[in-house]
């Protein structure tokens, strides 16, 4: 493959993975801007989404149904998480909810390990067929599904935020919770819904990527972390920022791994995290205060 | 300002009084202009350095140290004199001059009527006494400039009288310049040498208390436009 | 806890502690228990550093295992590969993580709480990846073999009893240092920073510098622990130094509570708990292994935090409410119920 095709190949890989990061980043931004909490158990939504879909498929359900049910179950898990473990500690010093989510992440990971062991699982690609050949590089059909889903979500969010009353209420809540409350918006409901939505998004992301990268019990951990980094790059409070951050990270990783060394994948992500936190913790696109005076 | 002078900052909420305190103590950096303490330029210095030059303050929303007793809170005010640093602190238990510091802190608490609660956790005290503790903490190091942010908030009549006489003593000693942010007009009238009135970030009147009180711009600002 | 340790004050207390350490192996006759006691002793310095960082300086680190691992690898590599004398290698094991903390710490500590937690998380993962990838130096995932026993001149610490003494005498020394710090004006300064950074600055405390020193000190302690680990197990691999380990240390610090002595109790409690889980779980669920350990860890951390920050009764009350009427879980159903969010509004 000549260099041009190689670069194109990396771009495809980067955009695919980046879309997953973008979806996860969106989920983070959703919960963070409404509740002010960083849900570090997000990665587990991906894991459970993927593995539940696998099990449901194995139990005989057709693929679309298995995926849909898995997404719903994980969305419920998100809601449960919010009610039981996150809301009680909303008043505590800011670190406590974060540590609670870490504890939850660890527990859920253990449960996944218990239920599914250390094996790898896979889902069939959503549409059978050869990868497309574009400019000398291969673009898997599953990648198109991933990108397509991201576009769908973005369009949906755009319509939701700009054209529906509930969407505007959510936006109000994201910008200024107290003011929104005074105007009749109810933050507890928003908070609950944001966790449910992030669960659904996470599960979908996990399901989408499984045909490409396979699923294990710790699938979600690194993906969640990198999605989170994408959100940090974007500023944690901005939807376009999150998407841009996720995609950017995916591309950086793909090029880093392709051009330097494959072990570099995770290193790239961590370096980006540290770089952003040290240089501009408010993110490249976002607003918000991450640093002291 | 001169040593031994008491200046009062008055103005409706949001006029910028606490902002001035934040500028003076280094929590905010001025965009324009200069802040000088006895000839020394303070612009851009970090807050702990400005504190080291003799500027002490209290906070509108009370920033005490709840994990410590009243006495310990005041002793922290003497940090710069007492501390031997982190690494020496690992091998030596006491800072130099601790017994003397203890005495100074206790005598200050005595003057403020707090000697009975010196060893109680500061969180147990009523808000009025807590304000006095914060004042003690600010004053124990003998600062040159003392910034008091609403010192009478939460004090009853008796405590307010105690505070006023204490401030008069401070003035008489001629050691320290005091800036008060205050809403309680009687205190301002009784204690201030000069008054500066702020409204929306601008100075609308300045001068001796009775003159400012009668100033039409001030009256309008307070009664609302 | 205070009652046990509020013994005769002054130097007698320390003499008693030293004597207790020296005598303990006579009492702990089981090799297994002695081994556990050593492991607790190795964990304790890490937790001590973390408690100072969290409860005295008010900062959190989710990457303490990185410093621990750096210490272990430094000691291991210097003795196994470069044949340095163990004592010097141990000193290096202490200083290397300290140097890293010195370099990285200053900028890192300017971040606000949640962001600092994340930065330390990222750092921990980065270092962990480093251990795995730098195969030439560290032996990669398969680890580094051939670390000799620790020795001080003619004295070789090749038996558990001797190592027990080594580890615990060191711990006594560390607690002496920490005790001094806490009771000195420096300790007050740290508590001030923890309670209100703004007020601490207002009295002249350079909060950034102090937090930095605590971080460095915690890294030194973790490095020491890592070095001791290397000399105990005589083998280092990346797995004990990952994220789960960092979380375990945080759990130990949270469990141990706010005082310096809490490091001991926290380290002991969690280490023992993990051992118990390891022993008991395979009896209940054959074939199960580390999963329950992990689940237990996570659940315990969550439960502990919930308990501590909602006054103790809330989770049980909430549980009772939900179990009786599961539809109450839905939002809006809690109307007319003074739920927890109402009490905690306006943080």
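By written order: A, B and C. Residues from 1 in each chain.
We take it that a residue touches a chain if its C-beta (ideal position, glycine included) is under 8 Å from a C-beta of that chain, and two chains touch if they have at least 3 such contacts.
From a predicted model like this one, the values you see are computed outputs, not experimental measurements.
**Q** Give me the ID of the chain with the smallest distance between its Cα centroid and the all-protein Cα centroid.
**A** Of all chains shown, the one whose C-alpha centroid lies nearest the global centroid is C.
**Q** With chain centres set to the mean of the C-alpha atoms, which chain is at the far end from chain C?
**A** In terms of C-alpha centroids, the chain at the greatest distance from chain C is B.
**Q** Using mean C-alpha positions as chain centres, tell me how far chain A is from chain B in Å, no decimals.
**A** Those two chain centres are 49 Å apart.
**Q** Rounded to the nearest whole Å, what is the centre-to-centre distance of chain B and chain C, using the mean of the C-alpha atoms as each centre?
**A** 40
**Q** State, to the nearest whole Å, the distance from the C-alpha centre of chain A to the C-alpha centre of chain C.
**A** 30
**Q** Provide the list of chain B residues touching at least two other chains, using ranges where the numbers run on.
**A** 27
**Q** Could you pull out which chain C residues touch chain B in their complex?
**A** 177-178, 180-181, 183-189, 191-192, 194-196, 198-207, 210, 213-214, 217
**Q** Please name which positions on chain C make contact with chain A in the complex.
**A** Contacts found on chain C: 60, 62, 107-108, 110-115, 117-119, 122-123, 125-126, 129, 133, 197, 244, 247, 250, 254, 288, 290-302, 305-306, 309-310, 314-315, 318, 322, 329-332, 334, 339-341, 343-345, 347.
**Q** Report the residues of chain B in contact with chain C in the complex, numbered from low to high.
**A** So the residues of chain B touching chain C come out as 25, 27, 46-49, 51-52, 56-57, 59, 63-68, 72, 75-77, 79-80, 82-95, 98, 137-138, 141.
**Q** What residues of chain A sit close enough to touch chain C in their complex?
**A** Its residues touching chain C are 38, 79-80, 83-85, 87-96, 98-100, 102-111, 113-114, 186-189, 191-193, 225, 228-229, 232, 263, 266-267, 270-271, 273-274, 277-278, 281, 289-292.
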